[in-house]
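Down below are the structures I want you to see.
You will see subunit A twice below: alongside subunit B first, and alongside subunit C after that.
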Partner chain A sequence: MKPKDDVGIKGYAGYVPKYRIAPKEVGDVWGKDGELMGRSLRINSKSVPSPDEDVVTISTQAAKWAMERAEIDSDEIDAIYVGSESHPYAVKPTATIVAASLAASPNLTAADYEFACKAGTAAFQTCMGLVSSGMIENGMAIGADTSQGAPGDALEFSAAAGGAAYLIGSENILARFNYTCSYTTDTPDFWRREGEKYPQHGGRFTGKPAYFKHITNCTNKLLKETGKEPGDYDYAVFHQPNGKFPMKAAKKMGFSKEQIEPGLLVTRIGNTYSGAVPLGLAATLDQAEPGDKILVTSYGSGAGSDSFDIVVTDNIEKVKEQSVPKIEEVISKEEFISYAKYAKFREKIHDGGA
Partner chain B sequence: MPIPRFWREIKQRYKGIGSRCENCGKIYFPPRKICPECRRESFQKMEEYELEGKGEVVTYTKINEPHPEFEMLSPYIMAIVETEEGARLTGHLVDADIEDVEPGMKVEATMRKLGEESRDGLIYYGYKFWPLDR
Partner chain C sequence: MQNSEKRSMTEVHNLRDVAIIGIGETQIGELWDKSLRELGIEAGLKALKDAGLHGDEVEKLYVGNMSAGKLINQEHVAPLIADYAGISEVPSTRIESGSASGGMALAEGYKAVASGMEDIVVVGGAEKMTDVGEQEAKDILSSTADQEWETVFGATFDSLYAMMARYHMDNHGTTKDQLAQVAVKNHANAAKNPNAQYPRETSKKFVKNAPMVADPLGMFDCAPISDGGAAVVLCPAERADSFDGDPVEIVSLGQGGDHMAVHERRDIGTMKATERAAKKAYKRASVKPQDIDFAEVHDNYTITEIMAIEDLGFFEKGEGGRATEEGKTELNSDISINTSGGLKAKGRPVGAVGLNQAVEAVLQLRGEAGERQVDQPGYGLIHNIGGTGASAIVHILRRWS
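== the complex of A and B ==
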């Protein structure tokens, strides 16, 4: 899918809550070797939201900073799409609350997306289409999550919180979307039924027929359709449910460790689901130079992948002088907590009155 | 909090919309219909004014015995903040260590959950403050 006209990123920013929990802390409670688990997943710590943080607050903070970076006013936003699998309400859009908090209401279109971990990049594609067709000037695409793992489940070692916002338009862009493509199938690797608090997953089934199949097929499809090779890119960002999967997928497809390392945040913050690829891309853009080429492939269970071919423009230079926090600044603020505090923060335990 | 009241206050809670007296220029938060200094002179002269969300801690306290709604956050810090525009408002101070807080500390507004009606009720969002130099 090639956009008709120039379409790209005018502003971007990410936000990750400051609390962290280490795999050892989780393992100690459930009688598992947490350190070994952390090493095998390549996750040293994962982010935990405070009880007063959720997808609305994470999205709002990221979107505010993205607007600051784009240097646009709130009434210039024509669309807001928030991708997440942990929207605070089952019915009532996150996007309307984010729009109101940015003072972008009421003259815009808004909706929530859900596609497991790739809802954020689905929002990218929607905004690209609307901008490219000339229907809107500026669209805000957000990917954010405060994902949960059932107590004792393997997901407790990885399910984290965070998100990033992208202002997509056609003028004064920091990076251009040259091409995008998707690969979508019906694959039952991970799900959460309506009304259920915690998701279920297919264990090892989430690997080969799910993550690896979609990531590699979508990336190879993009390479084939654009006539490029892995070596043509300066950076690559792949979905990162843990630190092991993206490294393995990258190696298999011919991408180097150096290409993916700047966007590989999972080792420090865990799997931020819909926020993972948007945050990884933001960290990559933070250190990109004009002319750099970036390949991005997300993955969402259920299942599908979206790939993007991105080239950085000269405008990226201005990012370096802005006071908007870079991803490194955001994620370097960390406070480690105990499993007990984590259980309270994630509402796995309640006080007697609640 | 009744739904209509929360809905009416969305602008001030999400965006810090206060009011400015066209007569004397003073800025108030929450918004006022009449300026207490200019009184009748300010009648129909109070305009909406959006606070930048930046300010300084005037004074603060650590709450160890929380209001039942804030049980999950206990202990937490409440602060009176004077904004750059001169309005004073009370709010939670988050992501800060009590040892580091002092009058004059620069803070900024961020959006957080303030509470909820019930487990299946409305979620109340609004501003809290965090240190500018977090």
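== the complex of A and C ==
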């Protein structure tokens, strides 16, 4: 899918809650070797949202910084799409609250997206379409999550919180979207039914027939359709449910450790679901130079992948002088908490009202 | 009856000799894109092709399958597989005896041919275990223990075998190193088996450091959850030379039983069902344990292999661990045990296991086992147990001549 006219990223930013929990702390509670689990998942710690943080607050903070970076006013935003699988409401959009918080209401279109971990990149594509067709000037695409793992489930070692926002437009862009493509099937590897608090997953079924199949097919499709090779890119960002999967997928497709490392945040903050690829791309842009080429492939269970071919423009230079916090600055604020505090924050235990 | 020990099983019972004239096996593993029927058909067609037969020549089909009802919500699987294999008119029957379903199906196939009821019989085994989650698959395996007296009180398959391991360690001095060596050996064999789920070597250190499942059994002491199928074609031995496959004779079989619940057994370091099955099989074949050159034994846990090689008479009770540690069960040593990689490393499509074992035995006796070939084997033995050992079946095979 080649955009009709110029479209790219005018501003971007990410937000990740400061609280962290270590795999050992989780493992100790459930009688598992948490350190071993952490090593095998390549996750040293994961982020935990405080009780006052949710997809709305994460999205709003990221979007505010993205606007600051793009140097645009809130009334210039024509669309907001928030991709998440942990929207605070089942019915009532996150996007309207974010729009109101940014003072972008009411002259805009807004909606929520859900596609497991790739709802954020689905929002990218929507904004790309609206901008490149000339229907809107500026669209805000957000991917954010505060994902839950059932007590005792393996997901407790990885499910984290965070998100990133992208202001997509056609002028003064920091990076251009040259091409995007998707690969979508009906694959039940991970799901949460209506009314259920915690998601369920198919164990190792989430690997080969799910993550790896979609990531590799979508990436290879992009490479084929654009006539490029892994070596043509300076950086690559893949969805990162843990540290092991993206490393393995990258190696299999011929990408190097050096290409993916700048965007590989999962080892420090865990799997931020819809926020994972947008955050990884943001961290990569933070250190990119004009002309750098970036390949991005997201993955959402259920299942599908979106790939993007991105080239960085000269405007990236101005980012380096701005006071908007870079991803490294955001995620280096860490406060480790106990499982007990984590259980309270994540509402696994409740105030008894005494 | 006094002279019966000198006569063969078929002579004693006035039966026909039975030969395996075709074998077929699928890849074993997490086969996400293959269904139970596809696994059964693939194995069966490979076996028929090996024998040079067509589906319309099959007179009877037996299917070993443990728990399709729970694993894929499908009962009545024998006619299902026959139908989708294009032989819906062929009479077919499913045989279930827990994880010994495959071995028991082979025994029924043997009886059908030996008795003269049928000539060309296909015995297949297939299991599709990965359509349910890992925990559910484990619960289903545990359902082959006594639900009313064991599992309802929280005992799992893993924990019951862990108790046997602990007992064996306490009473016979078996060590965790010796248990680990079973896994190391079977992985080394599986590395030479293209159909194995885990065709790679491992180390004693890695096995011992694996996450604990049920003390003293760690993850690498346990066989995996697998999808897979295997099949053999049987015929009267007198006709065996008229087919394509190099024939192998089923010399004898013996089946044994024991208490369903582990707590009913006097000595949980011994599997009486195995002893009983082996005793009958040896007697009927007029052979001794020392005559066996290789054996595929049921190693759903590392401890199970150690108990099996003792209960089958290859080693004295209590010596199984030491013998394993000394390398006596490695390929082409004193007795080659689980040359295929066993359930541990070749994989465990549970209701098909007995047929996977038969396929390995035929490959060995034909001299077609490639890198894992046993030097000129005379007799091979296959041993398949159900649940925690309430049922067991032993077959003894040799090259037909």
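The rule is simple: the second predicted complex is superposed on the first by the 353 of 354 C-alpha atoms of A that agree within 3 Å, B and C clash if a C-alpha of one lies under 4 Å from a C-alpha of the other, contacts with A are read in each partner's own complex, and residues count from 1 in each chain.
In this text, contacts are C-beta pairs under 8 Å (C-beta built on N, C-alpha and C of every residue); 3 or more make two chains touch, one makes a residue touch a chain.
Because the structure is predicted, anything quoted here is derived from the model rather than measured.
In the superposed pair of complexes, A:54 makes contact with subunit B only, with no contact to subunit C.
By the touch criterion defined above, A:33 lies against subunit C but remains apart from subunit B after alignment on the C-alpha atoms of chain A. When the two structures are aligned on the shared chain, A:91 is found in touch with neither subunit B nor subunit C.
In the superposed model, A:209 makes contact with subunit C only, not with subunit B. Counted by residues of subunit A touched, the larger count belongs to B, out of subunit B and subunit C. Once the two complexes are overlaid on the shared chain, A:100 sits against subunit B while remaining clear of subunit C.
Chain contact summary for the complex, subunit C toward subunit A: residues 30, 32-33, 130, 133-134, 211-212. On the subunit A side of its complex with subunit C, the touching residues are 32-33, 36, 202-205, 208-209. Within the complex formed with subunit A, the residues of subunit B that make contact are 10, 14-15, 50, 68, 71-73, 92, 94-95, 110-114, 119, 123, 125, 128, 134. Across the complex, subunit B is touched by residues 18, 50-54, 56-57, 60-61, 88-89, 97, 100-101, 103, 333, 344-345, 347, 351, 353-354 of subunit A.
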